[in-house]
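Several structures are given next for inspection.
The same chain A turns up in both complexes below, where it pairs with chain B and then with chain C.
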Partner chain A sequence: MELVQYTVRKLIAGIPLIFGVTLISFLLMVYFGPDKTYELLGKNPTPEQIEEIRAQLGYDKPVVERYFIYVKELATLDFGNSESTGEKVNDLLARTIPVSLLLVTPGFILGNLLGIAFALIAARYRGGWVDKTIMGLSAVGMSISFLIAIIAFQLLLSSNYGLGWFPVRGWSTDTPLDYLRYVTVPTLATVFVALGYNTRFYRAVIVEELTRDHVRTARAFGVPPLKLLSVHVLKNCMIPIITRIVFSIPLIVISGSLLLETYFGIPGVGKVAYDAITTGDQPVLKAVVGWTAILFVFAQLLTDILYRAADPRISLNGSSE
Partner chain B sequence: MSAVAADLTSALPPRQTLWSKAIYKFRRDRAGLIGLGIVLLYALAAAGVWLGFWATDWADVSGPKWAPASAEYWFGTNMIGQDIFSRSLYSTRTAFEVGLVVAVLSTLIGAVFGAISGFFSGSFIDELVVWLMGVLDSIPFYLLVAAIAFSLGDNPYAMHIAMISTFWIGTSRLVRGEVIKLKEFEFVEAARSIGVGQLTIIFRHILPNTLHILLVQSTITFVAAIKSEVILSFLGIGVQDGMSWGLMISESTLEVLAGFFNNFIAASVLMFGLVMAFNMFSDALQDALDPRSTVGGDS
Partner chain C sequence: MLLAACSGGAPGQSAGNGKVFRYAMGGAPTSLDPAQAGSLYANYLVLNLFDTLYTYKYLARPPELKPHLAAAMPEVSDDGLVYTIRLKQGVRYADDPAFPEGRGREVVAGDIVYALQRHFDPVTRSQGAWLWAGRIKGLNDWKAAGSDYTQPVEGLQALDDYTLRIELTRPYPQLTYTLAMGFSSAVPREAVAKYGREFSIKPVGSGPYRLQSFNTAKAILLPNENFRQEPFDLAAEGYDADTQAFTGVAALQGRSAPFLDRLEIDFIQEGSALWNSFTKGDEVQMAGLPDEQVKTVLESVEPVVLKPEFAAKYRMTTGPEAGFVYSNFNLDFPEIGYNEDPERNRRNRALRCAMISGFDWQARNNSFYMGLGIVFPGVIPPVVPEFDPEMSRDSVTRDIAYAKQLLADNGWNAETLPELTYGSVAGVKSRLFFEQFRAFMKEIGYPPEKIRLKRYATFGDLVRAWSRSELPVVGKGWILDYPDAENTLQLFYGPNRSPGSNDANYANNEYDELFRQASVMQPSPERTAIYRRMNEMLVDDCVATTGLTRTGIKLWHKNVIVVPDSSIVGGNFLRYVDIKEAAAN
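And then the complex of A and B:
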């Protein structure tokens, strides 16, 4: 019961965020965005034709009214049809979001798990050569641009100049083997660039925890290092770890990975959203931005509930609000 | 008598401030010094381009297509016969221009917003700033940048504005947290009790005490700006005129699958060098300015 009350309160508290995200995006992407009037008209249009098209696109209404139409669409989650392809926006998202998820999830999970693993090893041998090597490699990884990593991995693994094991570009999930063939190179590039940042972040969190009194006490009582790290340290590090992971989720679900999708020609939602901005496909834009804001509110809710699970001392009704 | 006094003073440790300790520690950090040295070399190269000493021929189509590295074309030529060495040298200037503009302005905006919202924490102004930061954080970065770039049309600073509009948030959050702590200190109470105005307290008394945060944040933002430029230029919403490592790398995507790597390698290696050196410098700066760590200590 406490949880239900809390959820409702938290969702209501999320309304200002949704309002802000939709308002700013609406102004930027819709009001100041590309004007499609003349794209849809033939040569030498009459003023009446221009009027008609503007009315059809909704350009003739005042800004406030257009924003409230958007809010209504958001409330009913019905954004109409894409202006570019005529496809229903919700169908378009339902088709492209799973592609993006399949594309980025393996890299996201591996990047975080390996990051935590390396961070634990580095923290375990803090100050020694193992730690210095891991942190040095992290710094190198952090200095390499994602685009460079993508091109390098494609060259080494997919092209005729390298091993040529994987397809150069494209996407297919017809069979698990196809999926594996297409997802491997993007995943490796993702893990490569994420690992440096993740390892560094998690190591800082773990080292901070290692200096606490309860860890020193446990060590004094002779708890073996591995148990110390996994039970006494990692468990207490869960709060920052949860925050980092959960808040990445909305961006992954909705924006996918624009760069990977553009570079490899993968039909995911990141590419759809980007094309919608460049062509001014307003229904798609409105849906993408609206969904991101809603997911962020849910991510906030989820982190709070997970905090509670990770640390029973945190009260959902408490002063943490 | 005076000899005793002299002995006493020489026995006292030298006056230690955050900055004198930081300089002492930084000068002992070998990686940080190497990083700073490399960054200064790049800065020199960029200044030379800016003053017109070299790389003035970056746009000339002078050589044969895809020439290999030679005495005339140090890094070879690209697909239309332009000298890759000049182009990558010229791009150093672009990198510094983007990095400096974005880092300085984001840090300034972050400092002002963070200080005001931290000083008035809990008030309506604070809630407004915190709300704005949450909202901007919730819009996917590349979509926001693309939207700003398109709404500004052909403005050559569209990319800078887009980056600044998101990069100030990190600095602002840190400054806000620090100011909330600082405003409870006695020196603030003392200033208030002698009738110093609120704005003077914020900008003359409190904000200078966050300078160490601002310095570190501006180096982090500099690196972030250079790295974002590459991806934005590839997506077609980056540098509009001129040349940059990002433009060179996106140009090279047409070449690498045909087996011509010069463009790609030149831009990647030069960019990696600057970013890596800047990261090393930034880390050393962070360690040196961390008030919690002690001289010589490793924590």
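And then the complex of A and C:
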């Protein structure tokens, strides 16, 4: 019952957040976003045609009216059709978000799991050569841009200049084997770049935990290192780990990965969102921003619930027991 | 991972899919509705999904029209105002749920009427209406009356299912060319009614292919089972054995397109990904050569020759694009253009001429176009028959001393030269264009700090700026709609001023009068002479720094039978692509 009440309370509290995010982003779209009119016109437009297009795009309406239309779209979750392709926005997202999820999820999971594992090892041998090696490699990973990593992995593993084991471009999930063929190289590139950031972050969290009194006490009682790390340290580190992971989820769902999608020819939502931003396709942008805000509200809710699961002392009423 | 790695396909073949051809192009279309086929990318798909009344012969160089949906070339009245066009019988649309029982019906003359009417229905968001606006009798009035499809258009009538009558307000010699453009494709109204705005992603036409899927990464087309059987005739298509035998295209003789079981068009903007995919062997089979690979792949640039290791695997053609790049001076700006003070007006012209003389086309060509571009004077590019190879090249030959002298003689110096804004889309290449331009101008004495860059986030924003006449210098490119210099000369026709395509806002009564005079003339030496006179007027008035026609290099795998065409024809050649049997099986 406490959980239900908390959920309802949190969802209601999320409404102002959604309004705030959508209002700010809407104003940015209107006043600083690209003007779609001239993308839609032909080579020799007349002033009359320009006005026709502007009217169809709703540019001739007052901003307040346009925002209320957006709020209505948000309430009904019907964002109309893309101004670029004409496709229904909901269909567009339903078609592309699963692709992006399938594309980035393996890298996201592996990047975090390996990050935690390397962080535990580095923290265990803090100051030693193992720690220094892991941190050094992390710094290398962080120093290399995602773009370079993608080009390098594609060249090494996909192209005929390298091993040529995997397809350079394309996407298929018809069979698990197809999926593996197409997702492996993007996943390796993602893990390569994410691992450095994740390892350093998790190591910092774990090292801090290692200095706590209860860890020193456990050591004094002769708790073996592996058990110490997995039970006494990692469990107590779960709050920042949950925060980092859960708040990444909305971005993974909506943003996808533009670079992975463009270099590997994968029809995900990242390219759709990027094109919407650069061409001023407001129905798509409004949907992306709206859904991101909604997902963040849910992420916040999920985080709090997981906090409670990780640490029963935390009350959903907002106080520690 | 290794298991996944080992399950690749073979060139030209995808497991169970028969002959597969993958073509790569550098951008993606957003809409496949013929009415919105304003880009080259869109036409690569539209021209293969739909049919037009006329098209270009596959192999004829220079481009030459032939009947397509039409049974013959149009019958034109003596006064050039009435076109009667007979359609072929038995041409069918691809099967689609939009039709009763899902079976594609026959293409009729009413479909062409409907397709052209759609351009004058604001709901369609046409990009091609300008081709027929004010030219087909009653079409503008039809729009003004509310674009009611139940109402007839006086000058656009289907006399019966197979006869189309078009009546013009004045002679329009380019009309037949416009009926070969993707814009004029036959469209079934049932499909538009069923899919509404989504017709742009669910196109239904009578072309050799139908759309299976379309997204930001690629389009997949499958053969249209209803496509008419028309045996390929090498001679009728303009075959030239001397230049085309190496492609193996003679093997198509007597067979009917489409020859593929699957046509895939990849949209790849990243040069490294494109090249990796092309050289992989079982992926992209045909693409333009990325700039960054030129030194790796070519033995020489003049002439273009592949290195032996690449020549062993790939075929290649080069050819000029149907268009050109140039930059306009916006004459609306009194600092550099028309000025109420006749003396300043004269000095402004001298300033523009000096800037043109200071521009180094050869350096521009070498820096950005691999040195392969064709530099030419004026706005009549080499790909149109009216091009004048004898025209003076002074306007494209750099002469710094002359430019400096011109400035000095007309009272221009570092203090008096006006501040100029150069508009461009944000991006590295655009920035380099600007910096090179500024460096050229610095050499003739134009202070760099007086030439500023204004960057726009998107191309649409830049177009808005020049459409609103907000920029004094506009760098741009133009892709020809048809092989007739009228298409480039209209870029400076007074009534086409901003927001139209005359964004130089050139206003010259004599030029406009000549344009009107030539615009109703059939191709002839007299018309060519007028075109050339107009071209010289533009050069004399120093309206634009022009021009350069880019040259593209296309590469393809040797198991592919193809003859790429110029960009004026769009992607028409894709309907004739075949894969050699030996490689496909």
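Points worth noting:
In this section, the second predicted complex is superposed on the first by the 299 of 321 C-alpha atoms of A that agree within 3 Å, B and C clash if a C-alpha of one lies under 4 Å from a C-alpha of the other, contacts with A are read in each partner's own complex, and residues count from 1 in each chain.
As a working rule, a contact is a pair of C-beta atoms (placed from the backbone, for glycine too) under 8 Å apart; a residue touches a chain by one contact, two chains touch by 3 or more.
Keep in mind it's a predicted model, so treat the numbers as computed, not measured.
Touch criterion not met for A:173: it reaches neither chain B nor chain C. In the superposed model, A:155 makes contact with both chain B and chain C. Of the two partner chains placed by superposition, A:105 touches none, neither chain B nor chain C.
Once the two complexes are overlaid on the shared chain, A:44 sits against chain C while remaining clear of chain B. Look at A:7: by the touch rule set out above, it reaches neither chain B nor chain C.
In the superposed pair of complexes, A:275 makes contact with chain C only, with no contact to chain B. With both complexes placed on chain A, chain A has more residues touched by C than by the other of chain B and chain C.
Legend: residue contacts after superposition of the two complexes on their common chain; A:251 is shown touching chain B, with no touch to chain C. Contacts of A:17 after superposition on the shared chain: chain B is touched, whereas chain C is not. When the two structures are aligned on the shared chain, A:29 is found in touch with chain B, with no touch to chain C. Applying the stated touch rule to the two superposed structures, the overlap between the chain B and chain C interfaces on chain A comprises residues 34, 151, 154-155, 159, 161, 168, 262-263, 278.
Interface residues of chain A, counted against chain B in their complex, comprise 16-17, 20-21, 24-25, 28-29, 32-34, 127, 139-140, 142-148, 151-152, 154-155, 159, 161, 168, 211, 250-251, 254-255, 258-259, 262-263, 270, 273-274, 277-278, 288-289, 292-293, 296. Within the complex formed with chain C, the chain A residues making contact are 34-47, 49-50, 52-53, 56, 81, 84-88, 95-96, 151, 154-155, 157-161, 163-171, 177-178, 180-181, 184, 261-267, 271-272, 275, 278-280. Residues of chain C touching chain A in their complex: 1-8, 30-31, 33, 36, 38, 122-123, 125-130, 133, 197-201, 215-218, 266-270, 272-273, 276-277, 279-281, 283-284, 457-461, 463-464, 467, 481, 490, 496, 499-501.
Interface residues of chain B, counted against chain A in their complex, comprise 131-132, 134-136, 138-140, 142-144, 146-148, 150-151, 227, 230-231, 234-235, 246, 249-250, 252-253, 256-257, 259, 261, 264, 268, 271-272, 275-276, 279-280, 283, 298-299.
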